[in-house]
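Structure, as structure tokens:
Labels run A, B and C following the written order; every chain starts at residue 1.
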Amino acid sequence: MKTGKIPQQVVVLSLISLVVIVSFFTMRFILTPKSFGKYGHYRADAIDDVKNLPISYAGAKACGDCHDEIVKLKSKGFHRGVSCEVCHGPSAGHTEDPTSIKPEAPRQREGCPLCHNYSPSRPTGFPQIITAQHNPGKPCMTCHRPHNPVPPVTPKDCSACHRSISAQKMVSRHAPLECTTCHSVPKEHFKNPRFVRVEKPTTNEFCGKCHSSDAKAQANLPPIPRIDVEKHAGRYLCWDCHYPHSPEAK
Amino acid sequence: MEPAIQQVVAALEPFTGYIYPNEYYLQWELLIVLYPYLTGLVAGAFILASLERVFHVKALLPVYRLALLSALAFLIAAPLPLMSHLGHPERAWEMLVTPHTTSAMAMFGFVYAWYLLVVLLLEIWFDYRVDIIKLSNEKTGFMKLVYKVLTLGTTDVSPEAVKFDDKVGKFITVVGIPSAFMLHGYVGFIFGSIKANPWWSSVLMPVVFLFSAIVSGMAMVMLIYMVTSWVRWKTIDMACVNKLAEFLIYVMLVDFTLEFLDFIHRLYESEESIQILSQLITDRLFISLILLQVLMGGLVPLVGLLVARFGKFPDEMRKMFYFVCGVLIQVGIFSMRWNVVIGGQMFSKSLRGLTVYKVHLLGLEGLLMAIVLLVLPLVVLAVLLKLLPPWLAEKQEQKTA
Amino acid sequence: MSNDIKNNEETKTNKVLDRREFLDWCLKAVPAGLTMTACGFSAGELNADEGKKHPAVNESQAEANYAMAIDIAKCIGCGRCANACKKENKVPDGPHTVRTWVERYVIPREGETMVDSPNAGINGFPELPENTDILKSFFVPKLCNHCSNPPCVQVCPVGATFQTKDGVILVDEKYCVGCRYCVQACPYGARYIHPTKNVADKCTFCYHRITKGLLPACVEVCPTQARIFGDLKKISSPIHRFLRFHPIKALKPELNTRPKVFYANADQEVR
């Protein structure tokens, strides 16, 4: 090697790296998908791939085009918010070919309990039954019309909807009391339970009607614990410490 | 389903508490444990080589070239577990063609290419260039052709050229140290940057990965050096392995301290996830974390190395100690990778339950594949050793001496 | 691009790298082109003037910002949403590949909260063990949160998952390499690997439906309107009203993913 000359190694390696780099960027240019980077760091065509997927659920509006009478009936009942395809299954095929593709039409007991079987996790007031006890074996349709499910008889018993509360009350000291002893129930509550609520006691004096030391004794009942309402509670409300549906619970 | 069957199924379900439905299957399995382990060996071996080259630790000369070749062998194998765990390995090129700059994983291709092409191959080539040219003149037939190709057409063996090789080699090593740090620190970053996973998400993760990498790499080179010496019926240079043991002790201390710091920090901060993570350690990771990683793979070899290095033992005994410690360290570091990768997926991100991982035997992500991928770098290393014997330098030194 | 759009889109466009510009830039910077740092810098440099160079970047996209709200007080746990999702999107059967699912929370008076979601809630929930002393119990539907700051998109190495201009996170199943990094990065467990396609899969807000003016399948079938879907930018959208009148909680807000699935009446145990 002579001084002033570029070393042989450098020449060779520069050539090789040039080839590598050029081929890398050429490959990169060739391989990058056409629509990549149009909107961002992704294939813009992928959006269309997703957009063009077929639909299975036609949507409630589509049903009304033909079944307007049923839709009209349903729009006034409790099931007004329940879309047709909840029970009838995905029906996009039916809207395209109404004669040969028919949607499901459940007639047995399988569908209704999914929503209406009793579960303590469901919101209070949501109509629930204990499927095993509620006319076992009978299809729900015999008594309830799914498109306008007015109960054949409005349940008189509060426990039809408020099962966990009534179950607790049943085994408590308050078992002999009617719900209406403490709650006044507006008629509208039976029709629209979530918007028209029952009234609840608001003052300690209400509990005091039975529990204050000067309350009138009721001969037919076991001895009632009595307290001086004002001194006992102070500025607390009775139900801050005692759960009225199960007063002995701590 | 019948209630009775339901109950049986519930009893067999391999998780406790609640896990999100999609968390039932682990996403990253044994192969992804292998990947940080292999890259760790690369980084560690390279740092070891740089100790001799840059910091002039002359005692380590016998393992300098061996360390470089080991690093290369493991680096060649490192991307294979990544590739084979992909759902679509045939699309792997996309990472180079359209790398997403915000993704740590996308940078793998570039870090890897930089490290392989620019650092490791170049350094080895400059180091071996004169030898290759000599070999290409000596050998005949096919091997001659191979060496001719390896010279890349260079023929210059003048003293100036040799001096130039040395200078460039040193420069590359200097560049290589931060690169090696980056290579493995970045592997730690892949895990440490996942904020969704409280077991992974930690600033210390890259640093811990880096130091454990150095530990495993040094120990591995020490093992390879001992084994190759035994196979070649050569005596082991005691000064060299003693020095190696010393460095191992230092790095292990740092590594252990960092991991302990990470542990204490998590415990003390006691975030929302601490409850499930404690359960994870005591229920699921007890063997692999407490027994294998900390005890068998950490404290025992550390004490062993200390005793062997500074106690009064005959050399033969000392070698056995070093060897056993080296193997234990490998077990420990492998467990550490396992505990990070698998452990991080064994608890639910709902922080309410633990799941279970069962190793499959067959399949692209199974045990057999993992064993193949563990043996493969050793085969590659054997070929490299045959092709570019690191002990050429020894002979030359003996000749000149 | 007008200013307000730019503000709204900032998270989406800022981190995005334009291919052609990237190429141009790299070719100019060939000597440094191969290194990681070069790639890193190019992103930063491009962001500054991306808006100017591509004024029509939004031309074909609807300028919506889709979101969903869920009223936990209304959810009856019927699982019709999870069922409809499986049917609408041809999600593979089985309890461990779901795009949306319903969790049941049971908070006892004492002890640990119990959560379950057997088969995503599609077949209902088993009866609680007798004598469970419940403080309260409720259902929580879950799905992809379509985060404004999505960690899954951040980590995708190839740009196979992305945020559309209308705020929906999609997966490009023809481009996904199946590395599963996005599954790891999702704090909500919303992603799974499709068992036959071997790519990441997740909720799309039924993108094929909403772009045709239909509701997502889960919203369509929810019998109690516990799920509300709409465009955050439209004042007339039902979600707009819902967000105004309910105290809202997002899941795992500490991770700054800024979810676009909003929960009303959520208990602190929900996560």
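The working rule: a residue touches a chain if its C-beta (ideal position, glycine included) is under 8 Å from a C-beta of that chain, and two chains touch if they have at least 3 such contacts.
Every value quoted in this text rests on a predicted model; they were computed, and no experiment measured them.
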item: Of A-B and A-C, whichever chain pair has more C-beta contact pairs; value: A-C
item: Chain nearest the overall C-alpha centroid of the shown protein atoms; value: C
item: Cα-centroid distance, chain B relative to chain C, in whole angstrom; value: 36
item: Distance from the mean Cα position of chain B to that of chain A, given in whole angstrom; value: 51
item: Cα-centroid distance, chain A relative to chain C, in whole angstrom; value: 20
item: In chain B, residues with contacts to at least two other chains; value: 94, 98, 100-101
item: Sites on chain A at which at least two other chains make contact; value: 24, 28, 32-33, 36-37, 41
item: Per-residue overlap in chain C, given as positions that touch at least 2 other chains; value: 15, 17, 19, 34, 159-160, 175
item: Interfacial residue positions of chain C with respect to chain A in the complex; value: 12-13, 15-20, 22-23, 26-27, 30, 33-34, 57, 61, 73-80, 84, 87-89, 104-106, 124-125, 128, 134, 137-139, 159-165, 170, 172-175, 204, 207-209, 211-212, 214-215, 217, 220-225
item: Chain A - residues contacting chain B, complex; value: 1, 3, 7-9, 12-13, 16, 20, 24, 27-28, 31-33, 36-37, 41
item: Touching residues on chain A, where the partner in the complex is chain C; value: 21, 24-25, 28-29, 32-33, 36-37, 39-43, 46-47, 49-57, 59-60, 79, 81-83, 85-86, 89-90, 113-115, 117, 119-123, 126, 164
item: Complex interface listing, chain B residues touching chain C; value: 3, 6, 18-25, 27-28, 85-89, 91-92, 94-95, 98-108, 110-111, 113-114, 118, 190, 193-197, 345, 348-352
item: Chain B-touching residues of chain C, taken from the complex the two chains share; value: 15, 17, 19, 34-36, 39-40, 42-43, 95-98, 101, 103, 113-117, 120, 126, 142, 151, 154-160, 175-181, 183-193, 197-199, 255, 271
